[in-house]
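Presented sequentially are two complexes of subunit A, the first with subunit B as partner and the second with subunit C.
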Partner chain A sequence: MSGIEITNLRKSFGNVKAIEEMTLTIPNGVFCVILGPSGCGKSTMLNCVAGLEDVTSGTIKIGGRDVTNLPPHARDIAMVFQSSLLYPHLTALQNVRMSLKNSDTGAVEAKRRIDHAVGILEIASVLDKKPGAMSGGQRQRVAMAKAIVRNPTAFLMDEPLAALDAALRQSLRPELAALQRQLGTTTIFVTHDQVEAMTLGDLIVVMNDGRVEQIGTPDEIYNNPATKFVAAFIGSPPMNFFEGQVEDLNNGPALRTQYGPIAIPRHLFDRMGGRAHSLGVRPQHIDINRTKTDGSIPGTVFAIENLGKESVIILHDTAGHDYRVLVGPDHGYSVGESTYMCPDLSQAHLF
Partner chain B sequence: MASRAEARIQNEAKLALKRIELSNRQFAMLLALPVILFLVMVMAYPMGYAIWLSMQEVSFFGGFRTSFVGIENYREALYSDNFWWSVRVTVQFVSVSVVLAMLIGLGLALLMHRVRRGRALLGTIIILPWSMSLYGAGVMWQYLARGQSGVASSLINRMLGRTTPDTAVEYSLISSEQIVNLLALGNAWNLAPLVAFFLLANLKTIPERLYDLARVDRLNIWQRFLNVTLPPLQYTLFVFTTITLILSMKLLDFIFVMSAGGPGDASATLTFRLFDLAFRQSNYGLSAAISFYLLFLIIGSALALFFFWGRRLEDT
Partner chain C sequence: MRRTSLSLGLAALVAVIWTLLPIYWILKTAFIAPVDAVAFPAPLWPSNPHFAAVHNIFGFGYTDADGREFLPAGQSKQVINGLKNSVIVAFFVTIITLLIIVPLSYAFARFEFRGKTALLMAILFSVAVPPVSTLIPFYILFVKLGLTGTALGLIIINLTITVPFVTWMLIGYFRNLPAVEPLARVDGFSRLSTLIFIVIPMARSGIAVAAIVSFLFAWNEFVFATQLVNGTPAATLPTAVSGFLFLQPQPGLLSASLWISIIPAALVAFFLQRHIAEMNLVEPVK
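For the complex of A and B:
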């Protein structure tokens, strides 16, 4: 049985195309993360699945049932909103109860589910508190409890961790993943944070400008980015791009840059041909030297970010482009030095 | 040497701190002091004079004379049917005024909140009644309510198809039993716009997402109103209930113009009664005594509102 199937979904607000075209199948029980920059249509997509927005065209199936024209409460979903929104004047317990107030769940069953949710989320001590008197983490747990008591076919979450501080987010992430695995409920989780996406998702959907850029597992997305956008968006520090023209020269294919040609492995060239114009290399796949070697690119050290166990050296070429290189802590470089970058071409990507 | 200089500097710093250290409460008192002094000066004389007056028997025969009668005026008021009638009228007028002002205000606020197009024009139209003087409003409502050319007569005649002068009936709202409610409606009409704009400001603070949450939770329209829309309005509703209550209790000009306490004394509120006693019947003593009963009524009901409602809002 399929969890969520979205087919040819389109959504416009007047002239604004919030979602241009989206087809996505999420298998049952899978944690799917929708990742993309602000304004790319993530929330709109989730609202369409939840039934809070009408679709312009396309169909949405949840648990094999066509729900495209059903109201939110009839879709058998539970939603956690941004900042773990709760009714501000109700206590945690009243908030959780609200989920079942108008459902056909009997009183005994409702109580059993609420007790169960309170147990696994460990919120017994805040049940009488109002959201204003709870910490961000507690609010998030209550919002989760409110969602799971519905026993839904799918969870929909719109940046539930966005308003929390980094430390709390880090501790809640694995809990959320564990909870989802334990419940086995198909989940769509919207975020603009790539770390959240990589750590939580079984499946990641990268969106940009209302379109799907790539669908894949975290590994696939990181190691085989389908587009330059995905390559640039995923990974921290971000991937470096060398711009130029790809040509098949006598001594093999190469990217012609203003600093001379960079040789490209044959298998990469065969996939992209002459259409490509940038070579992407991750910061950990670039070596820097003080001396010029064949195919190296000159760069001046612009800044050094010390991360403790490693450092990021930010280089500028003569045109002022940024390049980031990951080096060990004892690199010995200082700002203003002239260096040469040697990309590891076996780990490069062409776009 | 150095340590001595240091000690002196520290000492001075301590002194300086001591000199300017005021608690928040003290600072607030300091700021409020000029106003309090001014109010005391402005209020003390008339207040004292009113207290004195309420214990005098004033007569104009052979020049202005007063004689001390103690609490006789207060006693006389309590034994007078007119006084108790006026209390009844006041309570009815104020209750209906407050309820209507809040309901109309809330309705207008919800309307302005939901309307997308022509919002500015709508806002302008809605605020107009408030910007009208109560005297002018009284004249207008009186025109609308009177017989012959009033709204009620016109509507009834139109519905019955009586369009000639000899068949037309005359139905005056002013002479009906509804006069107190009609006055309250006019009063609420004047007060509601201000209530509406303050409530609108509160409505604007409700996150739209809360309505989405209510939809996912399948709340019906009434539950949604109760759980999403109403909670952030409570404080404003309380404040304006208190304000409209006080304004309505001390209202005179609108009633004076529109019904003049009539017909008979059907709409003689306490304010109208004491105005009538003082300036038409020259019974200053009794009038002053009644004015203190009105003051107690205002303070009492405002306190009651706070005790049963406002106090509970503080912890939310």
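For the complex of A and C:
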């Protein structure tokens, strides 16, 4: 049985196409992360699944049931909103109870579920507090408890960790992942934070401008980005792009740049042909030297970011493009030095 | 730090004296014997308190220690009637104002609809217009409708002031409340039940303050009452009290009836002050 099936979903607000076209199947029990920059339609997509927004066209099935025209409450979902929104005038316990107030759950069963949720989320000590008197992490747990007491077919979460500070986010991430595994409930989690996406998701959907750019596991998304957008969006520091024209020269395919040709492996060329015009290489796959070698690209050290275990050297070429190179701690370079970049072409991507 | 707390204390002291001294003076005058009331310099406290005024305004006679009898007469008979009318007018003005403004300002704060800006401007405009300027048109209208001299007429005219004013006040308050509507929809509340079971309890401080403002306005309203109901059986407390100003000076009765008009207002404000404080927080109830 499939968890959530979205088919040809489209959503417009007047003339604004928030979602151009989306088809997505999330298998039962899978943690699916929707990742994309601000304004790309993530929340809109989630609200369509939740029933908070009507779809313009397309169908949505949850647990095999077509819910496209059902109100949110009838969809058998639970939602955690941005910043773990709760009713501000109610205590944690009253907030959790609200989830079951309009359902036909009996009092005994309701109590059992609430006790269970309070137990796994360890919120017994804050049950009498109102959201204003709780910490961000506690609010997040109460919002989760409020979601799980519904025993839903699917969890929908819209950037629930976004308002928390970095340390708290880091500690809540693995808890959230563990909780989802333990419950085995199909989950859609919206975020614009790639680290959240990579660490939480079984499946990542990268969105841009109302369209799906790629659907895949974190490994696939990172190692085989389908589009230049995905390649640039995923990974920190971000991927470098060398721009030029790809041509099949007599000594093999190459990217013709203003600094001379960069040879391209045959298998990459065969996939993209002559349509490609940029070569993407991750920062850890570029070597830098002080001396020019065959196919190397000149760059001047513009800045050095010391991350402790390693450093990021930011280079500028003559046109002012940025390139980022990861090097070990004793690299010996200093700002203003002229260097040459040698991309590892076996790890490169053509777009 | 010490200096600021010292000057803060001084400022508070001045403010307290500034507000409380006149009130004390009224309190004192209500218990002063008629002979002492005209003494000069005026006594600072009632050395032998005298209870004729507080009896008379409630319609009771009073015999003092010297065996003199003070009977309620003239204007003092109006006070208890005015009190009753004021309670009726202020109560209905408050209730009707709340029934109108809660859904109205919620809709203004949360929904987009055609003509919204124009309506908001109209409300702001009616807040800005001095009430006195509408008095004559209203008077003529009320004469034609037979509403002069009735509590109903007074309630209607009070509403024309309280509704726009309090709506304007509450719109901002509702806007500042967290947008829990989608949460409520997922929890299975309809639009109407969200308003009744979620939004109104969540907004109770703002609504309580709106109630205080409406109540106090209607309770203290004098200008319209003078024109519409003064001298009729529907006269409210402020007009009844003002009657003392035009008679031969009776400072005791005047002060005693002023007390009656202050006490309910003070009680309302006292019991709802927690909400006033809460509403003034930058992030309400959050």
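Everything below uses one rule, namely that the second predicted complex is superposed on the first by the 351 of 351 C-alpha atoms of A that agree within 3 Å, B and C clash if a C-alpha of one lies under 4 Å from a C-alpha of the other, contacts with A are read in each partner's own complex, and residues count from 1 in each chain.
Note that a contact is a pair of C-beta atoms (placed from the backbone, for glycine too) under 8 Å apart; a residue touches a chain by one contact, two chains touch by 3 or more.
Source: prediction; values computed, not measured.
Trainee: Should the pairing of subunit B and subunit C on subunit A count as a clash or a fit in the superposition?
Mentor: clash
Trainee: Check whether A:302 is in contact with subunit B, with subunit C, with both or with neither, and answer first, second, both or neither.
Mentor: neither
Trainee: Report for A:131: first if it touches subunit B alone, second if subunit C alone, otherwise both or neither.
Mentor: second
Trainee: Touch check for A:333: first (subunit B), second (subunit C), both, or neither?
Mentor: Neither: A:333 stays clear of subunit B and subunit C.
Trainee: Just subunit B (first), just subunit C (second), both, or neither: which does A:222 touch?
Mentor: In the superposed model, A:222 contacts neither subunit B nor subunit C.
Trainee: Check the residue A:77 against both partner chains and state whether it touches subunit B (first), subunit C (second), both, or neither.
Mentor: A:77 sits against subunit B and subunit C alike.
Trainee: Check subunit A for residues that touch subunit B in one structure and subunit C in the other, and list them.
Mentor: On subunit A, the residues that contact subunit B in one structure and subunit C in the other are 47, 50-52, 71-73, 77-79, 81, 85-89, 98-99, 101-103.
Trainee: Of all residues in subunit B, which touch subunit A in the complex?
Mentor: Residue list for subunit B touching subunit A: 207, 209-210, 212-213, 215-220, 223, 227-228, 231-232, 316.
Trainee: Can you name the residues of subunit A that touch subunit C in the complex?
Mentor: Listed in rising order, the residues are 47, 50-52, 71-73, 77-79, 81, 85-89, 98-99, 101-103, 131-132.
Trainee: Hey, which residues of subunit C end up touching subunit A in the complex?
Mentor: Residue list for subunit C touching subunit A: 177-180, 182-183, 185-189, 198, 201-202, 204, 285-286.
Trainee: Tell me, which parts of subunit A touch subunit B in their complex?
Mentor: Listed in rising order, the residues of subunit A that touch subunit B are 47, 50-52, 71-73, 77-79, 81-82, 85-90, 98-99, 101-103, 130.
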